[in-house]
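One structure is given here, and the rest of the page talks about it.
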Amino acid sequence: MLYLVHMVVDIPKDMPADEAAKLKEVEKNYSQDLQRDGRWSELWRVVGQYANYSVFDVDGNAELQEILSNLPLFPYMTITVTPLAPHPSRI
Amino acid sequence: MLYLVHMVVDIPKDMPADEAAKLKEVEKNYSQDLQRDGRWSELWRVVGQYANYSVFDVDGNAELQEILSNLPLFPYMTITVTPLAPHPSRI
Amino acid sequence: MLYLVHMVVDIPKDMPADEAAKLKEVEKNYSQDLQRDGRWSELWRVVGQYANYSVFDVDGNAELQEILSNLPLFPYMTITVTPLAPHPSRI
Amino acid sequence: MLYLVHMVVDIPKDMPADEAAKLKEVEKNYSQDLQRDGRWSELWRVVGQYANYSVFDVDGNAELQEILSNLPLFPYMTITVTPLAPHPSRI
Amino acid sequence: MLYLVHMVVDIPKDMPADEAAKLKEVEKNYSQDLQRDGRWSELWRVVGQYANYSVFDVDGNAELQEILSNLPLFPYMTITVTPLAPHPSRI
Amino acid sequence: MLYLVHMVVDIPKDMPADEAAKLKEVEKNYSQDLQRDGRWSELWRVVGQYANYSVFDVDGNAELQEILSNLPLFPYMTITVTPLAPHPSRI
Amino acid sequence: MLYLVHMVVDIPKDMPADEAAKLKEVEKNYSQDLQRDGRWSELWRVVGQYANYSVFDVDGNAELQEILSNLPLFPYMTITVTPLAPHPSRI
Amino acid sequence: MLYLVHMVVDIPKDMPADEAAKLKEVEKNYSQDLQRDGRWSELWRVVGQYANYSVFDVDGNAELQEILSNLPLFPYMTITVTPLAPHPSRI
Amino acid sequence: MLYLVHMVVDIPKDMPADEAAKLKEVEKNYSQDLQRDGRWSELWRVVGQYANYSVFDVDGNAELQEILSNLPLFPYMTITVTPLAPHPSRI
Amino acid sequence: MLYLVHMVVDIPKDMPADEAAKLKEVEKNYSQDLQRDGRWSELWRVVGQYANYSVFDVDGNAELQEILSNLPLFPYMTITVTPLAPHPSRI
């Protein structure tokens, strides 16, 4: 089941640089594990913004919530979730 | 080069049913031709709305404008275009 | 899997009264069938508006899209879908 | 009398972790007491957000205000209240 | 129990003048009956707009919905309802 | 002359508790003096929010500005003013 | 007493040209009478829009409502009223 | 003096095709005359929308208003004007 | 050439009182110099807000930008500029 | 390929003056290098705001993202990107 997810990141300006760097590293690993197992199926940068559009392929709402709420950057993100369905014109 | 495109369709309520049906058929064919040649690379229905999120893979802004402005339903659509770039955490 | 759905209805002012009445009757039957089989699990009127908040309990995005897009009043509705997950404080 | 309540939580980033943990624990107990006595009748997590949709079944506006303003996390919440009424199509 | 209600009226431009006049007359009578029995306790014009702010004093959500949905101008109104509670500084 | 005034209060989280308590006490006295002399004629809590809707009965814009800008909590408020006029259907 | 008033005009596209012309002529006369007696004290066109910003100098809310609601173009306008007060830095 | 101007065009769906075509032709000529004399200095299509961003180089507000209000498509446009000034980092 | 300018002031809560007082004094002097030479031709307080509407009469965009960007309170202001043109109904 | 880019700058009030000055100097150099090589083809100040509208002429989305994300002031900017295409009426 697919969801389009929009994530905007806003790390506090006063977070120490090394703490931020470490957090981003953990986030990257977390994301790549989910990409490898196929649940985080698309990940694009929005041009000009510290934001991404992602597509998740999961069992449903609960699994998506589990994944998103455990994002290391979750406390610093504004997330919007759009449930997707097959389009009748899709080949 | 990728773009996320959001299309909301609003066909006038007073359009004759057969005219609307024909228009949608032409739209479907137009869309499927572009899907086949790889430029309309993703197409999803937004749940609960007469709207879709699509991903286009084209040479650039001019080609995308050419494609979108020739959509048979273009006069009845509200379209938003988000330019995408590779994400550094993408595997 | 639960979804909160907000539906705002806007029937064209120039629709003949009997056509509107019939449409609402069909809508009511459609809704009650889904309430009886448990998929349309909650349905409340928003005070002062021709709108409702509903909860749907379905298999996922595709089933919800199937249900909503077949609402007899769908062409006259503005629908917003919010995916829900279990809350950790829920008893 | 039913109300749909939307709560978005935004705990300051600089609150000490143990203070935040304790606050959430008190909030949880407060919520569960109200769930047990039937006044906080539904509680769902909004997927991807530190937010919930809840349904309260109370005597009226004053009681709801009493409950909400005493939420331990109230100072950190943005709350929206929607009064609900029985829907004529509800079975 | 008090509610602040905001009503914006938008009568279609193509409604015949006498039909509109009659509708407004019925609306006025309906409103004045409710003012007389104390349930429509305040009614003010918003300066420069075909809109009003009103206060209703009713038993609860269901009674308010009953009153508002039966407004003769209801199909032409955009209504917003704000539940009110006693203010601790009120003398 | 009547005005509907909407006040949303947002006291900084880092204000010492006793300073906040004192400020609210001064605010309360200020408000009650104006209620007693009839200029602050209505005061309601908005359910679920640290906000109120008030009605002021004053000589005009200048007096209202004098009153509002001297609110002890003014620096922490977002205020919206709506000028009111007699409604032709008011009994 | 001064008010800043923003008026956006939207005359229906299907109004016959001579009816529209006549309406605008009546509006112009109405406006100029009020300018001559000093109550419509400023009138500026917003560049690029069929809209104006105006300043009215009247006795209060009721008189302003009387003036605005009798604008010949009132049914086709969206009007916003901002009450003004003397500024402490004004010389 | 430069202004950035955003124009969104919305031609009524029921305008006869030849009338619309003629109107667009007149608009094109009007625009190209102004481009040739240097006052309409930039003109770009917004990708995916019947809209443009333009830059005008004119003597000031009054001349810009004269130009924009005489656009043949002006009655069908939503226009936003942003005054521009030299940027201190401009080479 | 006239411009309507809306300024909302938001001085940080943690600025020392004497620093804020001094800043406002400098701002006042700066404003009054411009009022005296005729370029800051109108200045009104928005009732209930730490905001003003002003009219500037300057040579054009560049001069307005020069004036506004040098406001002592500029770093703490949100400013909106609306270019004005003579209104055809102005006497 | 052209893009219109809107940048709003919001440097934290508590950044030391010399740090801010240095950051702006680096930003200026970065911008001027890109102006000289033709990729940052237009740069205008928005009157009354710490903001600019710019036009970039680059190979595509990825290059634009590379440029924008490396702006020295990027962490303090809110950026909006609008893809542009040739306009059919452009001479």
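Order of writing sets the labels: A, B, C, D, E, F, G, H, I and J. Residues in every chain begin at 1.
Keep in mind that, in the parts below, a contact is a pair of C-beta atoms (placed from the backbone, for glycine too) under 8 Å apart; a residue touches a chain by one contact, two chains touch by 3 or more.
The structure displayed is predicted, hence computed values, not measured ones.
Both chain E and chain F are touched by D, G. When the CA atoms of chain C are superposed on chain G, the rotation angle comes to 145 degrees (nearest 5). Taking each chain's centre as the mean of its CA atoms, D is the chain most distant from chain H. Separating the CA-averaged centres of chain B and chain F is a span of 50 Å. Work out the mean CA point of chain C and of chain J, and you get 45 Å between them. With centres defined as mean CA coordinates, chain F is found 40 Å away from chain C. For chain B, residues that reach two or more other chains under the stated contact definition are 2, 45, 47, 61, 64-65, 81, 83-86. Annotation, chain-chain contacts: A-B, A-C, A-D, A-J, B-C, B-H, B-J, C-D, C-E, D-E, D-F, E-F, E-G, F-G, F-I, G-H, G-I, H-I, H-J, I-J (touch as defined at the top). Chain G contributes residues 13, 45, 47-49 to its touches with chain H in the complex.
The part of chain G that touches chain F in the complex is made up of residues 1-3, 60-62, 64-66, 81, 83-86. By the touch rule above, chain I contacts chain J in their complex via residues 5, 12, 61, 64-65, 68-69, 75-76, 79-81. On the side of chain H, the complex with chain J involves touching residues 2, 4, 27-28, 31-32, 35-36, 42-47, 52-53, 82-91.
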